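Chains here go by letter, A, B, C and D, matching the order in which they are written, and residues are numbered from 1 within each.
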Amino acid sequence: MKLMGVINLDHELDQLNELTYFRAGAAVPFAGRYRLIDFALSNMMSAGVQDIALFVRRKYRSLLDHLGEGGPWDLNRKRGGLFILPPDWNDPTDISAGDLQHMHNNRDFFARSSGEYVVHSGSQHLSKVDFCELGEYHKAKGADVTVVYKRVDEFSPEHEPCFRVDIDEEGFVSGIHHEKGNHNLYIELFIMEKNLFLQQMEYCIAHGDSYFFRDAILKNPNGLKIAAYEYKGYHAVINSIESYYKNSLELLEPEKYKQLFSPDMPVHTKIKYEAPTKYLEGAKVSNSLVANGCRIAGEVEGSVLFRGVKVEKGAKVINSIIMQKCVIEAGAIVENVILDKDVQLTENRTLVGDPRRPFVIAKRSTL
Amino acid sequence: MKKKEMIAMLLAGGQGKRLKGLTKSLAKPAVYFGGTYRIIDFPLSNCTNSGIDTVGVLTQYEPLVLHSYIGVGSDWDMDRKSGGVFVLPPHEREDGSSWYRGTADAISRNLKFIDQYDPEHLLVLSGDHVYKMDYNKLLDYHKEKGADCTISVINVTLEEASSFGMINTHEDLKIYEFDEKPKHPKSTLASMGVYIFKWDLLRKYLVEDIDKPDGESDHDFGKDIVPKMLADGLSLYAYPFEGYWRDVGTIPSLWEANMDLLKDEPELDLNDPNWRIYTRNPNEPAQYVAPQAKVHQCMVNEGCTVYGEVDRSVLFYGVEVGEGSVISESVIMPEVKIGKNVRIHRAIVDQGKVIPDGTVIGADREDDSEILLINGDSPF
Amino acid sequence: MKLMGVINLDHELDQLNELTYFRAGAAVPFAGRYRLIDFALSNMMSAGVQDIALFVRRKYRSLLDHLGEGGPWDLNRKRGGLFILPPDWNDPTDISAGDLQHMHNNRDFFARSSGEYVVHSGSQHLSKVDFCELGEYHKAKGADVTVVYKRVDEFSPEHEPCFRVDIDEEGFVSGIHHEKGNHNLYIELFIMEKNLFLQQMEYCIAHGDSYFFRDAILKNPNGLKIAAYEYKGYHAVINSIESYYKNSLELLEPEKYKQLFSPDMPVHTKIKYEAPTKYLEGAKVSNSLVANGCRIAGEVEGSVLFRGVKVEKGAKVINSIIMQKCVIEAGAIVENVILDKDVQLTENRTLVGDPRRPFVIAKRSTL
Amino acid sequence: MKKKEMIAMLLAGGQGKRLKGLTKSLAKPAVYFGGTYRIIDFPLSNCTNSGIDTVGVLTQYEPLVLHSYIGVGSDWDMDRKSGGVFVLPPHEREDGSSWYRGTADAISRNLKFIDQYDPEHLLVLSGDHVYKMDYNKLLDYHKEKGADCTISVINVTLEEASSFGMINTHEDLKIYEFDEKPKHPKSTLASMGVYIFKWDLLRKYLVEDIDKPDGESDHDFGKDIVPKMLADGLSLYAYPFEGYWRDVGTIPSLWEANMDLLKDEPELDLNDPNWRIYTRNPNEPAQYVAPQAKVHQCMVNEGCTVYGEVDRSVLFYGVEVGEGSVISESVIMPEVKIGKNVRIHRAIVDQGKVIPDGTVIGADREDDSEILLINGDSPF
């Protein structure tokens, strides 16, 4: 079963405040050494997907830099591979809009790929869905589309904007909507046959539509048979600073960490060449995730440190997320804080946020 | 092929018998060091940081690991259009001859490789030392002196001198004698195994040497080529290198060089953005330090999960330290799984070992001066 | 002498009609298998330039695809390499404009590079300037800036928009302007020390300027010492369909071809894997440049064929430029025509343009 | 390392003595073919197009060209994260043994390499044939038949049969006999040198064979391993391949296979976008055909400049044909410079030759049936 992938960032809002001033949400650093998009890409890599289109519209410069030709995900191929596709400007014949514009402009990409099925994903829902298994399920069900949902027992605020799925007894979808009481969250992942996908796309464009999922699947004007696939593994939605903070710190639970980083579906990212992290005399680190290249002489607790962070003597980092190359100088204290890249906290400064509304400091600030 | 000013030949053939169990199926340059590196990362990174983009790696013994480790050299940024890194094991020739007989022979047998680039100077490196060095500065010195050969040297103590190739020089650092492991050393300048030769000149000496029967020549730089050059009155100079340099060819020296990294400001800075040490990335997630864990004065790599206590130790990637375990002054190689309530003191634990709960290694010794090696032959 | 490079497309107009509807001028195919930008990049590669910034603003999607991480130019490096830099959107602190915006947004790039001198180029002037020699000249002259000019004996229409350079007896520039009678054309190439470049950039931004060359060098408010370097080799300006056509066909003169493709400064481009070109029975080819993968059964004269072109039996291609994968079916005739990629000319059709106003057919047309 | 269903081992060791001068310092798989390719491009491209991403290239004789040609395999899209292409010359082992003694020995000596990937099936290829083949279809057939070994075969005439390894089968294509170059062939199915084995089974046979003294075994697939499997009653099947396949191991056959490409619709389509033949790109500008030039029924590569007349010939990259020269039915290898008023008929001109003005090669012969080879030994 040959798959091709679409990672569609077109409609993703940049809701992470300071973290998304200069970058798309998909480019936000996560879990000490990754960016959010790494997870969707790595899932595709695990499933042997060789052609992936990434639809971008705004603030994708850091994505360009991070992804390059896709080498870390083994996507730098002679045929196929990773295609980063900003809109194709200035086509006077183009009457499409929304994400359908991307699809329309890139029909060639779909036509050329040897994939028979399209896996369509976003970047805000982190998961470890096995796309091969999903494809087999889709085929076995004889469905036109299969959407993936996660059943959540307890709602968090970040679940609010998610679509919910009504499922009938045979496992088919009878409705997609925003009714808050429904526990079946659509995790922005569907699969369908390529030819059907292209046909639906043309239909939508011809009818003046603008969003494929909404107009072809949710509204389902053509009566497609939509199956629902229940995903039971790790899941997180990152659509706000609060959910970013919460889900980052939840990785300190070994169960979640193991789910997200199970060795049979490794997560790949751009390679840096940092030395292993140094724990100096006086370092006191507990319950934390630490990337390479750090130098810790102070205290770190309940936190995530990205690459190359320096925590000087007497400094304290508590329940915080400290991104690449930040420096917490001697005696400084941070608690419930998110520091973007290259922030320098000078000696003896104290920054304390609320655990439910963590403080965010924009990159390259000196405080 | 474009002419190059200088290319490098890296002698990575040694089996490193003194490293016992660690080199069972590894060439010595493939041995791990510093939490994430292999020894050969150092000369390779030095080359790329010095702008040398063409390196021949001469290998003989079990080249598979080294070969697939280096690959096309992209991790060291050597997958270049002109140049690159080439693993060169001995190959069959029309005359049916076989293995590399010595360091000089290894170069002689690859004249064609070198001639492709028509270099002015040849840099000869050995693959089993840990150091950061700008070979360009060495080349500048070599050219400035107008030398036929320049040998990089390091100051050692008189006691150490008898285990090195010692270089005796005049005041202007012109070499008059090469003294292999002398009983009564006359100087404290030890050869680092880093040479620059004028290539056309060296080529002549190699061609002459290669036909000598094995009784007459060991086909070795230190024993044959350099002494012959000195005897012929060529101009050889010593280049005094300042900085950290270690032969990590024994278990104690490998251990000690790892411990050196744990100082607050180690002599060997592995995090200098202007002199990166490149290596193949194991792609592991961030390390996890549990609430009850304690980590002091350590180097810990990504992919580790620490529930116990680790003190003055180096953990390579993918190491697990179970609850209640105490590791001290040890080097734990990649993917070692240490169970609960284990105690390890002053040991090197080889890649992939699984240490069962409750094991005690070296922790109850009265005399802990010996560094223990725990490898596949160990009884658990 | 360590150089870094800037290829600045910010101010280049897309003046090649149909050829630049969908692509930047720098991405226009040229000489059978290249794109215009290959020449500037390859010159930099020959000079050992390791850090190159490419400033783009519009229609750069085909450039992204063509350049990737810069592998064909040996620029896919761990440190430095090729950076394709669209504007960094949404920086609220940015008061810069024009190409100075690019420079300002990418100060990091300049700071990080180990290059001491900046070579600044566009893509419209094709040349084979030896940047090492240029750098040595610049140093020997003790100049602040060295601009490169070409002395043209005979003017062509494409020379009209070019700047001209007045040069004093010591080889320094006494004026830069548009006076038509001056034969010293500025070929949009200058070199200066990095630190001075950055300092001038800051000055321009502080003074509300928008174009570095105009505001810092041409107007020269700070009295820089500007040397002029005369370049004597191959030169062409591609700033109109007419100049594109003319300069393409001039490569059929062996002298020009040898100048542009001298083996000591090879031109690199993205690698394709086409078989060698097949000349079938009945093929009659003369005075033409032909790329690989073509299949020729008809007549070709005074033309340039790009990769994968098919000229069927009885078809005639005269004084034309036929881009990738075009098909000239049996009996069809084209003369004085430029066909963009993937054009299909059906049986027995005839297209004849005027040699001074060649016919241009947009890509993927079927006629 | 992840388990792979199938990996390939490519036997590229041969010196190709029958190709005389062309293999002086090239392994036979590195010989040029088809205007831009080397022979080894075909099996490598077949692998990548069949989705096989791990290939060991077993080389013995003068591996340098092959080694630096293949590099990390990026031209064949084999610079993959898991897998890739690895040149494997023989290397020193602890027991001191030396060169590959035969095709089977070459595989046996790389068990460790293969074991890394723990494949279910092993594809064994030879590096000296020109053909396009989907090895996946072969694998499907092999699995469908439940075979222990499947050998790809091609129909030859009875006259040709005595120069091939012939396969005698029952009606269901089950093999009962392997007949090496038989005087009296019983079938017309010739082995193409393309095998799939169940790896765990083959491994046993190899381990058994490797210790046999040289007198007892040639350590060869055709002579030893396959006959032994047949004798043991294993299940071996023939897979009938349809399509173009040529052994280009002699000057006439190499010439003829090149000429085959000049037909309007050659059996071997080199321009199929779904089955690209990858090769290292010489990066030459577009070919230039001068006003007075004539080119008919030819294949001409980029970088050529043609002022004369070329008829039914293959020109590799960078060839120059001067004014007044006439080339016919010839293969002109890369970078050959042909002066003015030269006449060449039915010849292969080796890489880089310079043919002076007025030279006549094979053009005035009465009997032109012999294909001339013009190489470094030729008198101009």
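In this section, contacts are C-beta pairs under 8 Å (C-beta built on N, C-alpha and C of every residue); 3 or more make two chains touch, one makes a residue touch a chain.
In this text, all values refer to a predicted model and were calculated from it rather than measured experimentally.
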Handout entry: Which of A-B and B-C has more C-beta pairs touching across its chains
Key = A-B
Exercise for the section: Please flag the chain sitting at the greatest distance from chain B, going by CA centroids. Expected result: C
Exercise for the section: With chain centres taken as the means of their Cα atoms, state the distance from chain A to chain C in Å. Expected result: 38
Practice task
Indicate the whole-number Å distance between the mean C-alpha point of chain B and the mean C-alpha point of chain C.
Solution key: 46
Problem - Shared interface positions of chain D, touching two or more other chains - result: 276, 278
Exercise for the section: Identify all positions of chain C at which a residue touches two or more other chains, and write them in rising order. Expected result: 78, 268, 273
Fill in the blank from the handout: Listed in rising order, chain C residues that touch chain A in their complex are 21-22, 58-59, 61, 64-65, 68-69, 71, 76, 78, 83-86, 88-92, 273
Practice task
Can you check the complex and tell me which residues of chain B touch chain C?
Solution key: 77, 80-82, 276, 278
Exercise for the section: Provide the residue numbers of chain B that touch chain A in the complex, in ascending order. Expected result: 34-36, 75, 262, 264, 270-271, 276-279, 281, 283, 285-302, 305, 314-316
Fill in the blank from the handout: Counting only contacts in the complex, chain B reaches chain D at residues 59-64, 67-68, 71-74, 79, 84, 86, 88-93, 98-99, 112-113
Exercise for the section: Would you tell me which residues of chain C are touching chain D in their complex? Expected result: 31-33, 252, 254, 257, 260-261, 266-269, 271, 273-293, 295, 304-305, 308
